[in-house]
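Heads up, the thing below is written out as structure tokens.
Read from first to last, the chains carry the letters A, B, C and D; within each, the first residue is number 1.
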Amino acid sequence: MQNEGEIRIPSGCAITGVISKSGERFSGETAIRSIEPMHDRSNGLGGGFAAYGIYPQNRDLYAFHVFYDSARAKEECEQVLQTSFDVTVAEKIPTRKMPQITDEPAIWRYFCLPYEKLLQSTGLDEREFVSRFVVKINTQIRGAYVFSSGKNMGVFKAVGFPEDVGRYYRLEDYEGYCWTAHGRYPTNTPGWWGGAHPFNLLDYTVVHNGEISSYDANRRFIEMFGYRCTLLTDTEVITYIIDYLNRRQGMSLEETADVIAAPFWSEIDAMDEADRKKFTYLRNVYSSMLITGPFSILLGFTGGMMALNDRLKLRSMVVGEKGDRVYVASEECAIRTVAPELDRLWSPRGGEPVIIQVNEGVRI
Amino acid sequence: MKRVYVNEEWCLGCHLCEYNCAFAATGETDMAKALKGVTIHPKIQIEENNRISFAVSCRHCDDPICVKSCIAGAISKTDGVVHVDKSKCVGCYTCILVCPYGAVMPAPDGHAIQKCELCTDNACGEPACVKGCPNGAIVFEER
Amino acid sequence: MAINYNIPEYDVLRDPQRCIACRVCERQCANEVHSFDPDSGTMKSDESKCVNCHRCVALCPTHALKIVKNPDTFRLNAYWGQNDISEIYRQAETGGMLLSSMGNPKPYPIYWDKILINASQVTNPSIDPLREPMETRTFLGKKPGAIERNPDGSIKTDSLPPQLKLEVPILFSAMSYGSISYNAHQSLARAAQELGTYYNTGEGGLHEDFYKYGPNTIVQVASGRFGVHHDYLEAGAAIEIKIGQGAKPGIGGHLTGAKITDAVSRTRMIPKGTDAISPAPHHDIYSIEDLRQLVYSLKEATEYKKPIIVKIAAVHNVAAIASGIARSGADIIAIDGFRGGTGAAPTRIRDNVGIPIELALAAVDERLRQEQIRSNVSLIVAGGIRNSADVVKAIALGADAVYIATPALIALGCHLCRTCQIGKCNWGIATQRPDLVKRLNPDIGYKRLMNLVSAWQHEIMEMMGGMGINSIEAMRGNRLMLRGVGLNEKELEILGIKHAGE
Amino acid sequence: MNYVILGNSTAAVGCIEGIRSVDPQGTITVISDEPYAAYSRPLISYLLYGSTTEEKMRIRPDDFYEKMKVKTFLGKKAVRVDSGRKAVALDSGESIPFDRLLIATGSRPFVPPMQGLDKVGKKFSFLTLNDAKALESVLTSESRVLIVGAGLIGLKCAEGIRGRVGSITVVDLADRILPSILDEAGSEMVKKHIGQNGIKFLLGDSVAEFEENRAHLKSGGAVDFDVLVVAVGVRPNTELAAEAGCEVGRGVAIDEASATSVPGIYAAGDCCECRDITTGQRRVLAILPNAYLQGETAGVNMAGGEKSFANAVPMNAIGFFGLHVLTAGSYDGEEIVETKPGVYKKLIVKDHLLKGFILIGEIARAGIYTSLIREQTPLDTVDFELLKQKPQLMAFTAERRAVKLGGAK
């Protein structure tokens, strides 16, 4: 059997996400309960959560979540980590023993910041430095895998059904203003924890339901820019593309969505001149970042969440609103379970991003 | 009204139109069987000289002088096609005398005349010369 | 020569039951194979003149003709083939180099046929091009590394380097006026215009009548610089510097004086009736930095408004060469594989020099990505694209677009008799004889070209839809969509694809 | 509008079709002393020959008059035209008023005074269907027929009856046949051919005196006969026109609009004289195409349309026993002659124009020559050398051909 990274494994999935626009923090129980009714969209081969705002006391430090297959990997990784980072906290992530969750790796958490000296000497900005560092650990240290690397946020994932994974990680004990969750239905049956979703880089997390047909075109292109798609999953390449466009190219999330789920030429040709030029430019210049095939993704980032469907809307995705909460899920049941009465419920059109950001001025 | 037009520039002088015309008139389905050993009498004829060639067949004139001149009332024009009633034709050749295109000719039996009738007199559907022209030198078009 | 050592290559079979002696074959054969015997009233043939172009077969109204390989053979020999012996006789007779036309016909591996395409099943829906948009529009040209913004924050779109916009990623590749006829050129130009793509003048300049097709024309600058002047450069949508040609890498060209008619002479700006000889190298390009100078000279001459294409033959170190070109300022690289056609080339060169385009493409695309300069240039591949599946495979291997020439000529009637060099093309393509040129009616020709490319486009869309891809750029370089069959590890590695079953 | 047409042959048909192309409603009345629907007079010889029937001789379908809304008075003779009151008086006493009148009264046989002619019992003219029927009724396979006149009518009559009689002798004062359309060489060739088909000629001779079954010739000989056909010539029926005040020369004088000198009265066909463009002379051009074109021109103009027929050309297509003779124009000018066995060809050129031709035996595409005459095409605008070889459109410039064949404007 080959694991993620050795073979490309397409998978069907369930996704859900909840955000409080007022920045109110709420327990992971909501996310667990929301993903639970979509049990049948997963097959027990992966589940995970991303939570934003969960480490307010360490909000200025990077929170690295790391899987270790061996003590040696841990030793090696920590050694490298300590040469580049000032590590404030190193701890085991609390878990609950459950019969449903097996083959656990060692799961550690580090709060840290890169050494200022090093940033100056490399000339890289902090986020670029961290992202390169994570890619380096994940590609070079066998048995160590950084699966969460943002500030004041964290990814929790494992092989199992998502609701079990949530309970395993005791997510009811965490409070965040935004949660996304993922249940996985891979069409092959390896069980590597790193291969579960969400996929993360810095504070970007992506949960995704779909199977993109443009995968290798996207992968081979994005790898030109220093990324290494080690997992061979859609989520990984989508995350990198978003990171590249949003963070490195400085595009807005809307513009990012306009690249990866670009309008059809027939639509562009019918636009007014300014829009036509803009969209033509984006499609032309970033053509290799167009993502085709079915996908529904939830992008989590500091201060917000973006939902996006492929341009043909080949995967279901609904959005619900209740008060200051916005819910996005593969199925309406996932929303109704946690918010039976909604102010509004709709199905976004293919390629049309839904971006929810925490209200301005709210400290997160 | 659709007419046969000749694009001289594209005529190859291959004479296939003549053979296709003659073949269409036989009503046979096998050209080899129909024309083997036969001297053909096509209603379309190629003129050739110094690498110039073109096909000539009845123009189905708007003001057909053959119709007006026919001493037997055997030529008439209906639905854009100048038609010969061979049973009325006595073969006097007045039409040959007046046709400015030289597009009317004696029928092989000599007792009447023949001319292109746009294959309305056979089962071709479209003029056989046009259908068989390899280079678009003869076209059947509305202009 | 008292003894004729050679035997006719073909036999003309005429079914006496079918032949009606209409003499179409006689009138249509520029090689004068057929003749009419008035005494017997039957047709005769001199098969020694036959090149098997099938013009007579195609026009015979009673299907009385067949051209077959002459069953007469030299004594069979597993090592010394018929061709080997014949060619020696010919060279012993003439003392000259052997000349041939069109592409390398030898049985080298055809990698296209060892690559298979993927399709969606269950996990990912295939897309029906009849019901959903299916996009084949492609832009060729250098892509900027970063966006720039206007003061109001909007994206600056005007700073984009010049691009070629193709509605379908298929262009007609270079065939010079002179090597092919006026009517062939017109057919290509009109088809390119209708299809929203481009044709390429080749190295023979641009006939004055065709300037109006300029927006769909790529003008070529080759080592002979025939017909190159300022208006010519300005006339095209892009300028192609031809370094090499897949059919004859490393050598120049030779168009015999017989083909330099009045119009050809005017277009090429050389005296009528003189041989048009292109030098093997550009004598102002002896190194990669010289190329850069020419690239920028042409850009200067055309105010940086036109993309510059550099066309090279696929040779052994093509990836490194392409890397150099990608850094030379060129906007597009065209790579011509060893199956590419020609109007005339030394047989030995055509049949033995160069490498398969599939491998060259895979190597170049991968190399440019490794060097992170793939966005500096677009890649056009040429030389042996036979059908839409080849196009799909080429794009999935990493090409932005393909050049086709042989399929275009075949669409116009070419039967690949491979005797372009004698100038008596019975199909009116590779000839300047007025009576032969007129056999290609561009009104018919351009429609056949349009049909061909439209048909391919539909097939490409169908294959894309099967893969669940609805825009061609998502297929570009998408090598996971390909699998090899019957390829060894090395070949798979170069092609960057997995073996079927993996 | 009230149209009246006197005569019911080709000119009348042309006139009816001309009127109806402009005026679908006006009343058209046709008056003819012949009791038949319009038939082709030139076909009477073919009728006797057996290559047509009385039914097929009709030049228009049976429903022609009905479709064209034409009222007919057939078998009634117009006896007077009153141009002042604008009415035609019929022999039956009726008076038919008209607004526009076409006189298309044709011609009648000319029978010169010949001594003893009244003694001949079976004597015939050969112009009308009735003439043909009458002649046919007396013919037997033993009949010895004497035809006086070796012109078109006489010889067509000879051909028409050759297969049904014992012998035919043709006498003519002229020393050659068909002198009105052939030159000497042509005459000789045709005469030889006709002679080979069993017809005996006595040329340069004439009948001095008839007995009932014998003609004594001026030359001294005599010809025994059973049936006599007099085909010396025809005379236009101009009397009605003259009475109506129309200017009459050899025929009723008409202009290019087919109008006579009397307003409202038009004339067409064999009763008229018009300008022959090949000679510039006014003459009677008693040929069928002219009759139609003049009639049609008259019809259009009568109905208020505008049409001009300005290029009348004498021409004849005639054949005898498989030998075809096509001629046109006048024969005054430079001659280009080509002869080969069975073929005689003569072109006449004057003032850089093709003026006339005689084609015997090889007649293909003669209309191309005719059109050069009719259109008065300057010969320096065509390749006349090619035209000398044979009539062909190749002789025109590519631009002219593009107009003729390619639909260019």
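Following the convention adopted for this analysis, a residue touches a chain if its C-beta (ideal position, glycine included) is under 8 Å from a C-beta of that chain, and two chains touch if they have at least 3 such contacts.
All figures in this text were calculated on a predicted structure; none of them were measured in a lab.
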Chain labels contacting subunit A and also subunit B: C
Excluding subunit B, groups that stay connected where the other chains sit: A, C | D
Chain with minimal offset from the mean of all protein Cα atoms: C
Pair sharing more residue contacts (C-beta pairs) when B-C is set against B-D: B-D
Most widely separated chain from subunit A, with each centre as the mean of CA atoms: D
Subunit A and subunit D, separation of their C-alpha mean positions in angstrom: 103
Whole-Å gap separating subunit B and subunit C, where each centre is the average of the chain's CA atoms: 43
Gap in Å, rounded to a whole number, between the CA centres of subunit D and subunit C: 69
Centroid distance [mean C-alpha coordinates] between subunit D and subunit B, Å: 28
Subunit A residues counted as touching two or more neighbouring chains: none
Junction residues of subunit D - those touching two or more other chains: none
Contact pairs between chains, per stated definition: A-C, B-C, B-D
Of all residues in subunit C, those that touch subunit B in their complex: 17-20, 22-24, 27-28, 58-59, 61-62, 64, 434-435, 438-439, 441, 443-444
Parts of subunit A lying in touch with subunit C, wherever the complex brings them together: 8, 10-12, 187, 210-218, 220-221, 223-225, 249-251, 255, 262, 264-266, 274, 277-278, 280-288, 290-294, 311-312, 314
In the complex with subunit A, residue positions of subunit C that touch it: 120, 122-125, 127, 132-133, 135, 137, 139, 143-144, 146-147, 154-155, 157, 160, 163, 369, 372, 374-375, 398, 467-471, 473-481
Complex contact set, residues of subunit B against subunit C: 7, 9-16, 19-20, 23, 31-32, 35-38, 51, 132, 134-137
Subunit D to subunit B touching residues, read off their complex: 14, 40, 42-43, 46, 51-52, 56-60, 288-289, 292-293, 296, 315-319, 322, 324, 326, 328, 363-368, 370-371, 374-375, 386, 391-394, 398, 401-402, 404-407
